[in-house]
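Take a look at the structures below.
Okay, so subunit A shows up in both of these, paired with subunit B first and subunit C after.
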Partner chain A sequence: MTAAAPPIAGALALALDGLLRSMADDEFVIGFSDSEWTGIAPLLEEDVAMSSLAQDELGHAQALYALLADLTGTDADALAYDREPDAYRHCRLLDHGRGDWAMTIARRFLYDSADAVRLEALAEGSWAPLADLVAKLQREERYHRMHATAWFERLARGGDDARSRLITALDALGPDAATVFAPLPEDAALVDAGILAAPMADLETQWRAAIAPVFGALELPMPPAALAPERGRLDHGEAFRWLDTEFTMVRRSDPGATW
Partner chain B sequence: MSEAATQVGIARLRAAAVIRRAILDEATIRAALVEVPDPELPMLSVVDLGIVHRVDVPDGDGAIRVEILPTFVGCPALELIKAAIADRLAVFGRAVEVVATFEVPWTSERITAAGRRALRAAGIAPPGHPSTVGLIALEPRVRCPHCGSRDTVLDNLFGPTQCRTIRFCRACHQPFEAIKSV
Partner chain C sequence: MSSTVPPELEAWEVFRQEKEGDPMRHGGSVMAPDAELAVHYARELYGRRQESVRLWVVRRADILDLDDPDLLQPPLDRSFKKPGGYVMRDKLAAAREAAGQPKPKARSG
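What follows is the complex of A and B.
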């Protein structure tokens, strides 16, 4: 709160809009995906865990949408629920549908490890509303990473069926894993303004260095480079359209209602 | 009641209101907030939970402003807490503004000593000191709130509310909830 905040206008406003939208949509979509396990997770403990994770992520999305709404003079609920599916800017890593438990754990491990790097790059940023929120998010995300890491290792070492399912999941998700770091519009402006510590490409390098020891120890194949990084937050497929129908169902049943 | 007695009663109420207004300051407001329980952990007041941040009582008749720190970003009890605080402070006869802020992160270290005792008495282990490095030693030593043993293990990183984990005591063989160290 001490450093003078840079004025938010022009390319910086566009860049900040893109950043907040991508982060909020990521948390929103993974939160809803996690919530699909409520009631049917493989263990009672995991039913509680996935429901609690979903609640955390939707809360994070709500706070990020609120920042975006303040910045753009819109409404957080409208941002969350009233856009067409093509207007969401979550990364393609989150576009694969719920899948089985191995798929869910692989997605959480890849996303949580990447999100941790992204949050670290924002925590000391010059725009206080975001830096303050990120400091709080980091404290909660540590629990998510502990959970994902424990399960990732358990499945990798858990016998033939668990390991082969995990490898199948990594084959499906791996090519999209790095889309968390897909370039954002005008993101150089974020670095220039001191909001983001380094360009997305640098963050991807940091993330690869962070996860390499885990993949090495478990003898799992590292995720390859994204096929088309510039489209990493576009072209959401059928799985997301289905999820979108699910999470907008109540909102669309009575548009404009106050709950 | 006679008319005279009624007049005396009204005069007393007016005098009390004047006194109340005259001494209305931050300490008075904070003392009143001790009577507002957290909805999810009702054995704790919002003060013991450590979520009351800035309290501003402007000179004159301006709104009393209370800033609170959400324990978790997505805490669903936040709106209930805001309403409960506004209700409790309504007695002071001023507008009340309750706002949430992340300017300072709430941490589990903010729970007061009285709050920690109240948690333990209710069968919920108070938080340990969060480790700042690594992921493994997140909650190094949590004492069983039932028997006091330190021989407890993590059963689930997540629990019935966002702020709790579930642990198991190997000494008395009871599961219990513990506040997350954040």
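What follows is the complex of A and C.
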């Protein structure tokens, strides 16, 4: 931490907790969702690619949980696995079930493009532990975006079946896409402290400007505004409860075991 | 937009360099419908564990293939084209000494 960094206390501590929790949970949940393709992806090479992406995301979640654990005096594994489903703070975009390949690609494209804007807004931040980690995450996320974009374009231009599946997926996911930028508790404190470059609402505007040319070129409908942005990271539904049961199964089979 | 036939997969050969200065060595192959995904899959199969600093991805159909036995394995004795009859070790050592150069160390890896 640099000497100029503000002390992490009060509203700022609460805000940083919320930010790290939301980012870690996002990466954790999309990682587990995508890992469901292992063994059943459309072709062998894609199976390896998607499984590797999923592992990357779990690695990112692990690093973010470790930061949060240091900050709050807890344990990264406990944060990842021991909370009740309602305590997770991933965005609602990631609350839809795995669905078909088009659903997975649409979710990846929407999430990766939004995550890129969020990471950019944190990369020059004043809290060195996070800014340093974000610089590393950005390098891996670059490939994730290349992969998601390549598939997004192929499905959009891939003929009736692929395109109609992609549009169905965007209809389902679009209204939740902007929940990546759902307001966080006390998040103005992050901007005041120089940790986050701009408020979440501004980041959503930047994200829309970034994806508009892609949606325009492919003649796809832009995601609408989120219906209830203030609850964009709450009220997780059945699909997440099922996923939670899956990813906590081994941990709960023998609580406290050393693996 | 009309329905289209799914793109055919084709084979791409992947060459990898383990570290700067190493030769490119054949790593294996991937199946992909086009060059962009071929590069993505090459990266995943031959680079995701940081085992490569560079990859070359070549469409297998673009490789010039030569396996003609008349050209490669001619039937007559060609041993006179091999350097086996020459013992170079002493001459090399003398030449190195004259030039003041030490014997190069064995390559690692």
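By definition in this document, the second predicted complex is superposed on the first by the 256 of 259 C-alpha atoms of A that agree within 3 Å, B and C clash if a C-alpha of one lies under 4 Å from a C-alpha of the other, contacts with A are read in each partner's own complex, and residues count from 1 in each chain.
By definition in this document, contacts are C-beta pairs under 8 Å (C-beta built on N, C-alpha and C of every residue); 3 or more make two chains touch, one makes a residue touch a chain.
Keep in mind it's a predicted model, so treat the numbers as computed, not measured.
Overlap between subunit B and subunit C is detected when the two structures are superposed via subunit A. By the touch criterion stated above, A:231 is placed in contact with neither subunit B nor subunit C. By the touch criterion stated above, A:48 is placed in contact with subunit B and with subunit C alike. Contacts of A:159 after superposition: subunit C is touched, whereas subunit B is not reached. Shared-chain residue A:241: touches no atom of subunit B or subunit C. Contacts of A:132 after superposition: subunit B is touched, whereas subunit C is not reached. In the superposed model, A:59 lies in contact with subunit B only, and not with subunit C. After superposition on the shared chain, subunit A has more residues touched by B, the comparison being subunit B against subunit C.
By the touch criterion defined above, A:145 reaches subunit B but does not reach subunit C.
Overlap of the subunit B and subunit C contact sets on subunit A: residues 45, 48-49, 52, 143, 146-147. Those residues of subunit B that touch subunit A in the shared complex are 70, 72-76, 101-103, 105-107, 130, 135-136, 138, 155-160, 162, 166, 180, 182.
Residues 1, 45, 48-49, 51-53, 55-60, 62-63, 128, 132-133, 135-137, 139-140, 142-143, 145-147, 149 of subunit A are the ones touching subunit B in the complex.
Touching subunit C in their complex are the following residues of subunit A: 43-46, 48-49, 52, 143, 146-147, 150, 157-161, 163.
Considering their complex, residues 1-4, 6, 9, 30-32, 36-37, 40-41, 43-45, 48 of subunit C touch subunit A.
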